[in-house]
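Could you have a look at this structure, given as structure tokens, before my questions?
Each chain gets a letter, A, B, C and D, in the order it is written, and its residues are counted from 1.
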Amino acid sequence: MNITVKFFASLREQTGKSDASISYAEPISVLDAWKQASGMQSMPENTLCAINMEYVNHSTLLSDGDEVAFFPPVTGG
Amino acid sequence: MNITVKFFASLREQTGKSDASISYAEPISVLDAWKQASGMQSMPENTLCAINMEYVNHSTLLSDGDEVAFFPPVTGG
Amino acid sequence: MIELRTTEFDPLDELAIYQKRLAAGKYGACCNFIGSMRDFNEGDEVSKMTLEHYPGMTEKFLQTICDEANEKWPLLDCLIIHRTGDINPNDSIVLTAAWSAHRDASFAACRYLIEELKHRAPFWKKENTGQGERWVSENTKAED
Amino acid sequence: MIELRTTEFDPLDELAIYQKRLAAGKYGACCNFIGSMRDFNEGDEVSKMTLEHYPGMTEKFLQTICDEANEKWPLLDCLIIHRTGDINPNDSIVLTAAWSAHRDASFAACRYLIEELKHRAPFWKKENTGQGERWVSENTKAED
């Protein structure tokens, strides 16, 4: 199972990366993907997550080929 | 005591006049001014009144030199 | 600022011109509302309209509304422009605008300006429909 | 319609151009909101700003907001334009607009567009102040 991980804004700076690819044999959650891709960093409490550009929560399970994104509270407009 | 009376919109058409001058010896109310200036026509229920360009109610008393105006509900904007 | 116009005006041009007077970088929010003449009302086609007002009182009243908005919210400025006289479909009738640092004040003030204008400012519309002329009887409460 | 812009845009010009697409005489109300960059925030001078977004998701999300507004209110159309990249004080950041027959729908929809955008659309602001760069931490609830 291959997953693409994206980090935006302050989370990109915190993790030091904008994109990562991870592989797993067993189904994993969004939170598991964070741990693996960030190198076991702690996830800031208010982190938002999206799978394939739709908001999800931290416990949602990922499927092969998914793009999972992590970002801080939004501040547009 | 001399008073200028103005009618606007449908009330101008109903009374057939836009301006009128009336004279009185005793203090009169806005409603009295309507009766006199309109030739005793009945005042439509939702008529708005202003003295010297400030909204007043029908029982407000007029002073010498006042301009009293009668108009229907407003429909601007 | 408030203004009455006897001829057609372009509300977006007016906003652009007026906004140049304001200090650049100080307002973060501008909410504005443009009311224009539809070619239908209450089921009938409307080919023309005339807007009567009370010279003197109308201007004074629009200024009062602006003053009230400035007291109620922390605004940098507000603007009302309103047409009078003969109006054709698609012409702009009214522009209300409010500038502030944050969006909440600009929305609330812009809404206040148009609601107060619609319910209290001395203007009267007469529509010309296929069935002849008719006075518009009353503005609706916050839904027209 | 929704659009992202990487360079400066004039929201009033955009409104004028976009509005020409709409059927003349059918809308009576246009409420729009323009958010622009102030040169101060939370007590500090801000000399520059960078707006990051999530390419793909941001556009999709703005379209979702427009679709939701169209479902909730009887609109003729709505429009969102948002800047990305490097932004200078007084530049326009966002335009939201809604056209309808009556004013209530246009106000409610315009407000909905900007509130949803501010709270859910993936954009992130980084400010450059005299003290260096900082990420804006969170948009306020309907008051920013």
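Definition applied: contacts are C-beta pairs under 8 Å (C-beta built on N, C-alpha and C of every residue); 3 or more make two chains touch, one makes a residue touch a chain.
If you're wondering where the values come from, they're calculated on a predicted model, not measured in any experiment.
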Touching chain A and also chain D, the following chains:
none
Using C-alpha centroids, which chain lies at the maximum separation from chain D?
B
As a quick test, compute the distance in whole Å between the mean CA positions of chain A and chain C.
49
From the mean C-alpha coordinate of chain B to that of chain C, what's the distance rounded to whole Å?
26
As a quick test, compute the distance in whole Å between the mean CA positions of chain A and chain B.
72
Distance from the CA centroid of chain C to that of chain D, rounded to the nearest Å?
23
Where in chain B do residues touch two or more of the other chains?
77
So chain D residues touching two or more other chains come to 35, 103, 114, 144
Chain pairs satisfying touch are A-D, B-C, C-D
Enumerate the contact residues on chain B facing chain C in the complex.
6, 8-10, 46, 50, 53, 55, 69, 71-77
Complex contact set, residues of chain D against chain C
10, 12-13, 15-16, 24-40, 89-90, 101-104, 106-107, 110-111, 114, 140, 142-144
Spell out the residues on chain D that touch chain A in their complex, using ranges where they run on.
35, 51-54, 56-57, 60-61, 82, 93-94, 114, 117-126, 135-139, 144
